[in-house]
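Chain IDs A, B, C, D and E follow the sequence of writing; residue 1 opens each chain.
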Amino acid sequence: MSRALASPSLAVQRGILGAVLLIACWEGTARGLHLPAYVLPAVSDILVGLWAKRAILIDAAGYTLLEAFAGYGLGCLIGIGLAVAIALVPALRSAILPLATAINSVPVVGYSPLILLWFGIGISSKIVMVAMAVSFTILLSMLAGLDRVDRRAVDLMRSFGASRFGVLWRLRLPTALPLLLAGMRVSTVRSVIVAIVTEMLGAQGGLGWVIYQAVLQIDFVQVWSAIFVASAASLAFFGLIGFLERKILFWT
Amino acid sequence: MRSAVVCEWPPSLYKDMPVQAARLPNPGPTTEAPQAQPKPEPLLEMRAVSKTFGAVAALSGLQANIAPGEFVTVVGPSGCGKSTLFNIVAGLEEPDAGGILRFEGKSCHAADLLGRVSFMPQRDLLFPWRNVVDNAILALEVEGMPRDQARAKALKMLPEFGLAGFQKQYPNQLSGGMRQRVALMRTFLFERDLMLLDEPFGALDALTRAMMQRWLLDVWQKYRRTILFITHDVDEAIFLGDRVLVMTARPGSVKLEQVVDLPRPRKPAIVTSPEFVRLKRTLLDAIEEESMKSFQSSIAQEKSQ
Amino acid sequence: MRSAVVCEWPPSLYKDMPVQAARLPNPGPTTEAPQAQPKPEPLLEMRAVSKTFGAVAALSGLQANIAPGEFVTVVGPSGCGKSTLFNIVAGLEEPDAGGILRFEGKSCHAADLLGRVSFMPQRDLLFPWRNVVDNAILALEVEGMPRDQARAKALKMLPEFGLAGFQKQYPNQLSGGMRQRVALMRTFLFERDLMLLDEPFGALDALTRAMMQRWLLDVWQKYRRTILFITHDVDEAIFLGDRVLVMTARPGSVKLEQVVDLPRPRKPAIVTSPEFVRLKRTLLDAIEEESMKSFQSSIAQEKSQ
Amino acid sequence: MSSPAATSLGDGRAAPRSITMPDSLRKLIRLLLGLAIAAVVWEGAVLLFGIRPYYLPRLSTILMAMAATPRAYVDGFLRTLAETLIGFASGGAFGVFMGVVFFRVRALREMIFPIFVVSQTIPVIAFGALVVLWFGNTLLAKAIIAFYLTFFPVTVNTLLGLDTVDPKQVALMRSFGASNHQLLLRLQLPTALPQIFVALRLAASLSLVGAIVGEWFGDTTGLGVLLLQAMFTENVVAIWGALLASALLGTGFYAVVAAVERRLVFWNAEQ
Amino acid sequence: PAAELQKASLRLKWLPQAQFAGFYVAAAKGYYKAEGIDLTINPGGPNLLTENLVATGADTFGLSGGTDSVFAARDKGLPIVCIGVSHQITPFIFVTRKDGPVKTIQDFKGKTVTTWFTGANHVLNGMLAKEGIKPDELKIQPQQVSVTPFVDGNVDVITATYYNEFYTIQSRMPKDSLKTFVAEDYGITFPRDTLIVAEATAKEKPELVKAFLRASLKGWKDAFSDPKGAVDTVMAAAPTLDRAQQEFMLTEVKRLMTAGAASKNGIFWIDADAVKTAHDFFLKYGVISKPLDLAAAYDASFIQSIPAADRLP
């Protein structure tokens, strides 16, 4: 994905052209057919609305991103922790993996009723939901990364007299990094979306909450403004992790 | 600095002149021509070493002695257990019960050898996230030497390995031959009396390979470590070795021990000398007999799958 | 059936006896010893062929003729443009303006050669989702031959390629040597007068490689296609070729054309014969001169990066 | 090749022909045994630790509740399954198609692909209401949401897979005189197939998410409806019932896709 | 004959439950068909707005939030008309513990009160205003899907509907341990569960609207006279519901639908006074931006056209 995005300037120009065409079509349809706001507001109206409500939207985006970051961090810790535990104690694999797979086979949104009932509509339920959504992806990509290690490289380290931990630290963790970071990058967008979806089912703030309220107040310009902000926040988060990935993985 | 390096490397490959031992202090044992002197006590002794993986017998009753400072090359058909032998000597696998392993005169388990021989696997196995120096000092780090000290030590050795000025490069910026030299340097820095090199040049093209062979002899002649060297290439085995061990088809044991009585230092042109060709003939005959066996048994096996 | 195949393959590699042409009908031209007869009009003629990639001149003023039924081997330092030459002859790249290409007596563009020569790249490039037979008939399918017909044709050829009974296997179930034979069979089935083999045995270990060489000679002697064969290995070049072309360092052109006047069929032991060793010496000298050039220029380049 | 691999739910990634009957039977038995153990642990833990039914009801209670109204669960299951399948099939097909188009036409790829990326950052639920507005309360509306979640990973992976085609293999095919069409069918798509299936496995889960979320926008039947209803009547037993049903659907669908993958992408198994 | 049936849909405000029993009964018994309507009942859901779906023509009829949401929709220019009001009195109550610190509404000050921001908040604000309390004097929080925080004592006052949450609370706490605050005791009534149609429908298809009302009335009357049968009908649509809860719900809904003006004028009666009071209140507190034409927003002509005998429960 990042490779497709990071292309030379002609590609960027075409990308901008595509975006402009899309916006023009949208604006043209909305204005030309005189669509009411509750069907599809014009982009220009949305941008105006966005600017007018920027304070609220920025607050809400901050709230949602806080949930997403916290849940994302927690999910990464859990996923990495479990993967490392499995790497150090292989017997854990047959205990953890089937359980994790079973839990993951239910779509995350399916858990939202339970999580909301258990953790309330405050920030903690969002964090738990995001962590659940993220941790499994991270666990799998980290495990795949750790398992990808070349047996012969492990033997080489052992022949130098390295311990299991030494092999993990000097060899397996760096080997796992590319896959781990790819998993982390993919999880960013997911974490924001899960936070928003959970907010819509019950929350005290955040973009999902703003969208929910705006729907009830029949303010569709605000609904779309919030969607725009959510999309921008996801892209920024995605870009941030992608940037870190390129910094860390200088050797690939 | 930089252009100087280009002249320095390769130092004497094409000049066919003897290596000047005075150029650097020689830290290894100083035996000048081990095969000419009365044999000292073997550094490594193996007797009746066997190894079975499930139904597959990889080694069976292997016997061999390696003298200190000796350069022994091992050839044999594919799958005859050469790598298995190395894994045992490196301490990575235990031989089957009954096998006797003696290192530096003392009987020992294979696991006791972990960390006591320096082992270089077939592929270079450089870590892409470590630059040249940090790859070279990997073994020192595992031993617990502080990084600064290890780096300083490695930096001093770079020019000899044709890597001066490359210390900050990452493996993906190096050519195949250079990567192999970094891997060799990593093995040399892990200063153990016995070095195991498992087809170190197997992945190189024939010409780079020839250059690396001559350079290895050059370095070895200076440090005089004991080397056990696996190869598929008979020319390589003769060109490098004091002695060539030919292994039988699987289950592997030593079929033939051929002393290579060619004078050192050896010039590249030696490969067309009559003595070389005579040795090659002997070895080829032995190998072909064995590889024919293993080839037919592998076909029979593939068919029966 | 199955055990019979084990005996049939390899048919005569170690028996050092002439190939019995009577064993199978011979579909190729029947010239018995092309180098002994007066040379016919060349099948392929190249004159002043150059190729530049941006700033890199890969080939420069290359000139060569290939006679029908001839087995020509090409050696040269890495990166000298051997593969580029093949890409041009296979029709995949156009040479720079000014180069002259004549095929079967007619001047042509490189693109005209697409589908007219059978090309085998360095790696076997088998498609993992096709079994042995379906891989072998790939070119026939592209040509539009119905599958059944193509398969029937391929099945008949399997035993000769040492693949009888393996038609249903997938590439990941084959050894390196077998994969290479499937790739060769695919090339043979694409019946064109000129075959281009780009280091077909480069990825094989030395012993398997030796066996494949002898087997290839065997097959070639039966079908007598014209072969242009790239290799890094001088022994291979002499053992196989009627003529060896030594290329210069980049930009590549022909440095030396060495006729190999060893009698055919050639026995494995020939590699230690005095004439062979003499040819090898000549070629090694020429190659070393060139590879030294390209080696130094590549080091200079690496340093300047 | 003879024995159908579809019977095995285990993780055996071996080529289909190596799966013998007793092997798959053993896997099935192991699976059932695992499930039985999990059930006993669940039931036992609730009883032993006295977990409040509000947090975790006994498994038997849940199963009994499900058995009391089997039609609701069966109908919901089938309806959600239908939406999932339609979304998955259309998303998968569209995804592969767009992947090929983007691969062939670089300009289109550069113009539209970024928009695809951005579109995936929009939470579905935010415009679910719009989908109902535009497509009504139909099966189609839910399938469209499932489609929306599904196509993108497939496009990305198709593109990735097509990009990994070895130029040497392309050169080989061209040297045989192959046309673009032959190149695509005989080389490029087969090469991309393993990557495509990685995405399809992901898409199997995502299309189920899409179907369930889609049902939150005013529907009468479906597992999503059951979940929502249970949530707002605080019926924890019913929540677990719906969860178990969707777990069954999710795992089953995933297993089927994985089994098809093992059959079709057999060559990738041992690499 | 089927060919003459007119297709139409009713969008509910939530998922199937006894709150909508009358519509399900009418459909099940074929009352809509008898009136020439082929009616589809579409449930609602979170994040779905009935006003929106009716205004765009996605649905013909809607049972929407209440007077407050009708005002808001009209204020935003959505072309919808209310043709009947279901709950004549406020369905929300505020619940606290009898033995807790809250004895009167004045005690709300400084306490944690949870409520929904989907209409119930207006009721709370109205009650506070009548007592001269400013909203910022207490801790008002969005209310969870669950009543657990209240049961566990983490919340002092919780909002409930008579027919749903109040039941859940009662099932988890001793019945006589609760104290409730009712809006009507403070002189406030916010009628809820409004039946709406698009302006175009009201204008172009008045007969359809009347037919719909007639059939719905019959359904509701049947539901009230045979509650068990009505719950059966609802549970056929949503089998996983809890029967006892649904029966309780229907009892409460009956009380809400037949209270106030409806006791004299019948089900779905539009109480112009109550609407006016609510309108003035929303205007005062800025929920709507400008005075609305109430006659246009609430068209009682359809319900009035039906004979009183058919309307009375």
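General remarks:
Following the convention adopted for this analysis, a residue touches a chain if its C-beta (ideal position, glycine included) is under 8 Å from a C-beta of that chain, and two chains touch if they have at least 3 such contacts.
Treat the numbers as computed from the prediction; the structure is a model and nothing was measured.
Two chain pairs, C-D and A-D, are compared here, and A-D has more C-beta pairs in contact (counted per touch definition above).
Taking the mean of the C-alpha atoms as each chain's centre, chain A and chain C sit 53 Å apart. Centre to centre, using the average C-alpha position, chain B and chain E are separated by 86 Å.
In terms of their C-alpha centroids, the spacing between chain A and chain B amounts to 49 Å. Touching of two or more other chains is recorded for residues 46-49, 52, 56, 145-146, 148 of chain E.
Shared contact sites, meaning residues of chain A that touch two or more other chains, fall at 39, 113, 116-117, 200-201, 211, 215. Touching of two or more other chains is recorded for no residue of chain C. Those chain pairs judged to touch are A-B, A-D, A-E, B-C, C-D, D-E.
Those residues of chain C that touch chain D in the complex are listed here as 87, 90-92, 114-115, 117-119, 121-123, 125, 127-129, 138-139, 141-143, 170-172, 190.
The touching residues of chain A, when paired with chain B in their complex, are 150, 152-153, 155-162, 166, 170-171, 174, 177, 250-252.
The touching residues of chain E, when paired with chain A in their complex, are 46-49, 51-52, 55-56, 65, 69, 72-73, 76-78, 117-118, 141-146, 148-149. Interface residues of chain B, counted against chain C in their complex, comprise 2-3, 5-6, 9-10, 14, 77-78, 165, 173-175, 178, 202, 205-208, 211, 232-234, 268-269, 272, 277-278, 280-281, 284, 287-288, 291-292, 295-296, 298-300, 302-305. Residues 9, 11-12, 14-17, 40-49, 52-53, 56, 58, 145-148, 164, 168, 237-242, 245 of chain E are the ones touching chain D in the complex.
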